[in-house]
Amino acid sequence: MRKISFGQMITILFLSRIFYAMTFIPFMYSDVTCQVIGFSISTAIECLAVIPVIILYKKHPDKNLCQVAYEKSKIFGILICVAFAFAAVLVINRLLRYFGYFMYVTFPDFLPSWIVIGAIAIISFYAAFQGIEAIARSAGIAFGFFVLSFIIVTAALWTKMSFTNVIYNYPSIKHISHEVFNELSKFTELLLFPILYPYIKEKAGKSIYAALALKLIFVYLITSICVLTLGSYLNISKFPFFDLGTYAETFLIERLDAFLLPAWILIAFIKTALFMLIAKIALSTGFKKVKSNVFLLIISVAAFAASLAAVLQEKWSYSVLDKTVIMILILILGVVLPLVYCFGKGDENETE
Amino acid sequence: MKQNRIILKRFSIITICVLFIFSLCSCNSTGRYAKRDIDEKIIVHALGIDMTKDGKFEVTLQMLAQQGSGSNTPIDPSKPNSASVSQIADTIPAAIERCETDLGKKAFLGHSELILLGKNVEDLNPIFDFALNAEGISLGIFMAYTDVTAKEILNIKITSGTYSAEVLKEIFEESVKNGTSTECELIRHIDNIENTNGVTVMPIIKKIKDDKKSSDEKENSSSEENFGESKSDDSNVKSENEKVKSESSEDSQSESSSKSEESSSKSEESSSKSEESSSKSEESSSKSEGGSGGGEESGSGGGSSEEAEVTAFYIDGAVIIKNKKPQSVMTRDEIIGLSFLNNGIAEQEIDAKLGDTFKPVNVGSVKKDTKVSIKNNRVAVDINLTLSYEFYKSYSEKEKKIITAKATEHIYSICNKTITKALKEEKADIFEIHSLLNHNDYTLYEEYKKNPDAILERVDINIKIDPQN
Amino acid sequence: MEGKTVVKVNEYNYETALISKSLKQAILDLKIISGKTMDLNIMEVELSEHKCAVVSIEGMASTSSMAELVFRPLMEFDVKGYATEDDVFKFLTKQSLLSAERKILTTYGEVFLTLFSGFAVVFIDGCDKCVAFGIQGFDKRSIEEPTSDGNLNGSHEGFIETIRTNISLIRRRLKTPKLRFDMQQIGSDSKTDVCVAYITDKAPQGVIDKVKENLNKINLDTIITTGYVEPFLQGKHKSLFSNVLSTDRPDAFCAKLNEGRVGILVDGVPLALICPSLFIENFQTIDDYVNKPFYTTYIRWIKYIAFFLAIALPGICVAIATNHPEILTHKFLMNLAASEEVTPYSFFFEAFIITIMYELMREAGIRLPKAIGGAVSIVGALIIGDAAVSSSLVSAPLLIIIGLTATASFVIPNLNPQTSVFRMLFIISGGFAGLFGITLCFAFMLINISALENYGVPYNAPISPFTFKAMRDVVTRPSFLKLGRSKTVVENLNGAKKI
């Protein structure tokens, strides 16, 4: 059961988060100062929000949240399993749509969007089929690739950074709260972690904090590089980090934008595979008689079909579904539920 | 049963894969997603945009037209490997599309290095819109004005370097280093326009030949900087020198270059004629290579003519753009002053007059301190420049002191000239005042955001130069 | 016993059948079982008036050894008067040392196995046992330099087809009693000797047992090459990569045994298998441990680059030229465009065709006799190299790319099958979907490698899962002063499980 190491868990959680940061941060039409404050506040909230899951892990280190729920009450357990699978489908659907949008904007006339998301879905299915270890090991290499791309872009743009591009603004609470909400709706680690913690060999609690810290560091780094280099172009830039690539020039490669593309694809496919996997684990906990790979196929097809419907209409974003619904699911499944099982009746509190 | 399931599973996976490959193949051959090979694309080096009298856009694409020598060298760097094509339409994309139709290929703008604007371009809004939205255009593309039409500049064939856009780009880069040009990448223009009161500065590209005619009028602005003139350079000769040299080179070239000039001027004529009938006749508009034949011949005739071709362009001054419209022209000295005030200069040759002779000294920026303070409702921006001076070894200590003083005085004066011109006359924030205010006094910055011109009126820039030997 | 006399011995039931006491019957049985095969030599002889027979297989036993070591001592055997079967048996088994190897056999199965291994078997009339003497004398190849895994500074001995010689080559390098060879016969017909080699206190017992268990699962009739054994050692996972390393060098084999691996030798194949193995080991050669660390480190990185080039270079070039020309520097693009201008096909198709032509030439070069193989490369160089470019069928930059790719693939011969296939996949995906397709292919490869595990050891360790200590021998090559004692054993890598 204990298959993945502390480092691998950090990488998995980090990569599952960094896709949005890489793609959209700093957000267009939004004040960077507010965003930076928003990131800090949301990370602080995230640190608090993971406490119930960590306590749950300490109490049941070998059972994931679905198993805990299933053992307490079969019907409620099944409900929770389905909810997890639904949340995973929503997250995959959102990711595929965003990825499709990213490709649609950055490389138009390249491939039809449905092929793009289809290819990602197929490769993710294959990865999920191979299991958590294969994903974790691939994630290690994808992480290395991401860091390398980041370093190369930073090095290529080093001379083009200027502090005069930094313009502060007085942050308004309204904007900050908007950013915090926006950022928290991306906190999908809270769906991954309760399912995946039985697989980690050691220091599960620390791994999520480390992943959050790493995320915050990279979000700051990406934001600062974008601000220092692009200046007020950020106001009209849809994908700032990617736009760095169109500006960066090296002696070997004229433009780094397409060079950055692999980092996006690797991260997107790892994240999709992870959510396919947790949906499979959740459903096979609830419905033990059915083969787990059947669920995997169902989840993949469902997520792909949902995204396909949106992508074919070129509808890339659904604000209620992408933010509010996922946010509520994260809150219920990642915070409230562990809290209930931690302090519920009949459990002895184990503290370390 | 189990076997069946496995077979079914494999079958479904294989089906998916096959369907996927087929769909890939189908989108490859036709339609929007058809893949084009590189030789089916027009590799555009530079875009020239001019306005016609009736308010239409004339777009010139300078593109690759390789001239190889033998099968092993498909590109011969000694020959001009470029051609240009122009078309007129209501919008820029439409004009480009016409160019594409003329050549039967798709324009690939991902490698274009500069956008040149003809002198009659008066509204930059459509141009910025195009540059920001066109597929593949780099954020680092250079944008500059010309004092003639962009078409004219892009039609010049050069024989050194592979194509003129490359040479132009190198000229820009070198000029930014020595302060004779401001940074003119697209993203910097956008950044300036967004942050300031809609102001940016675009350098002006000129042709040497034009300069020769009008050099008498603007002795001042002609350069200490000498493109490609290193051989006989004693550097105390100013614009007259250039004139003499170009004349002498003309002499040495004897007939060949004059022939080429003639032929190029003919080509200009023919192209200008073709402008009128361009929308109909394909040939006249698509290939305006008239000058290239002559240029080539003269290139093979002697090295001197190559030199003449290389020095075909230079950067002289810049245009202040306000609210995406050209406002006024800054001279070369004013741009050097601006560079001293803003970015610092890596090295700039300044000629200090000592008695009757000019003594060159190489000046570079070391440090720049800026302070903002408010006194008597005036915003005082104190810029403290620390400059380094490099002298010839033969200078005596006394000479060095005098030269330093003279050069400092010169720099001081050009900086003040810049301030007077840009800030006092044009109310143009090209001194990064927005950033200074933002970093130092936020309330003032907020006022600046609301009414930049009012704040700029209250700004005084005081310069202090600290020479460091 | 009675039942046995009733059932006639034949070629199907001989394995467990006991040897007949009567010499006449025994000889008859031998003839029946072997179907009177022509290479069965039976020489009947009387030793002190007791009937015996010396049986051997022609060409398998050395005639000179037979004359010297068997016939002469047998002829000199003399008991005063009539010798009983016990006298003869006692003489053969206890009172003489006829050869280095002596076995007492009781069944026909054992008799044939030893006969076919080159033994001479002495049957004694009235005795239900016979004695076999190891006087093998079949022709074998002498020890030569390995052909595929050449090196400059290390040993020049390679494995040969005879398993026992191979064992001696290993034993000579590891003179420790902890080195064990467990021999077993696999293949219901071929009865091929397969030997499991390991060092007891270094190889994990779980791995040794698992390897033996996997070997016992082999239910094939014959084992002709290592390829027959390999799938059984690899486990269930279907991967394009092989987690069983093969080597034809005894020194490399010993080095791996010393790292706690289990080796498998197969008779008749000049190759040995090693498991568990790591992906990164495909880049390590014995020369790495001869040269100075700084040089080895440099060469290792060259090899990593070579692997990347061999797999992805043509694919990436196709992807960039077709879909992302903005990546190329301006002059490169211009050169490429200029050379593509005259060629009739698209860049993708050219790359596709040239790659196929290269594979064709390579395969022809390997299969043909060496003398003609050279001719093939000349033809290849002439036709592909010069004529294709000058006739504008293929652009020159593409030819350089494919040439570079081919050269790079020679640097890592172990991964040649994978590089060949992935190269083609990368070209196709690069042509259709640009860097997007390339990355997807890479992701597929990544998952395929990552999922691979052998005897509890992840195939792509120590890179991912990352083991810092072991990475020293991946990123650099530490000196033996440091490496000697602290070289990480595979079972201690992160992610490795105890089995």
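Labels for the chains are A, B and C, by order of writing; each one numbers its residues from 1.
Note that contacts are C-beta pairs under 8 Å (C-beta built on N, C-alpha and C of every residue); 3 or more make two chains touch, one makes a residue touch a chain.
As the structure is a computational prediction, the values presented were derived from the model and not from experiment.
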Study note, to complete from the structure: Comparing each chain's Cα average against the average over all protein Cα atoms, the nearest is chain A
**Study point:** Pair of chains with maximal C-beta contact number
**Key:** A-C
**Study point:** CA centroid of subunit B to CA centroid of subunit C, Å
**Key:** 65
Practice item. Would you mind pulling out the distance in Å between where the CA atoms of subunit A average out and where those of subunit B do? Key: 43
**Study point:** For subunit A, residues that touch 2 or more chains besides their own
**Key:** 110-111, 115, 119, 254-255
Review point. Counting only residues that touch at least 2 other chains, which ones in subunit B make the list?
Key: 24, 110-111, 138
Review point. What parts of subunit C, by residue number, touch at least two of the other chains?
Key: 323, 326, 330, 333, 433
Practice item. Using the touch definition up top, name the residues of subunit A that touch subunit C in the complex. Key: 4-5, 7-8, 103, 107, 110-111, 115-116, 119-120, 123, 126-127, 130-131, 133-142, 144, 251-259, 261-262, 265-266, 269
**Study point:** subunit C contact footprint on subunit B (complex, rising order)
**Key:** 24-25, 28, 35-39, 41, 43, 45, 64, 66, 68, 71-72, 74-75, 81, 108, 110-111, 113, 136, 138, 162, 166
Study note, to complete from the structure: Listed in rising order, the residues of subunit C that touch subunit B in the complex are 321-323, 325-326, 330-331, 333-343, 346-348, 389-390, 392, 396, 431-433
**Study point:** Of subunit B, residues touching subunit A in the complex
**Key:** 16-17, 20, 23-24, 27, 32-33, 110-111, 132, 135, 138-140, 187, 190-191, 194-195, 432, 434-435, 438-439, 442, 446
Point to revise | Complex interface listing, subunit C residues touching subunit A | key: 320, 323-324, 326-330, 333, 433-440, 442-444, 446-447, 450-451, 453, 458, 460, 463-466, 494-495
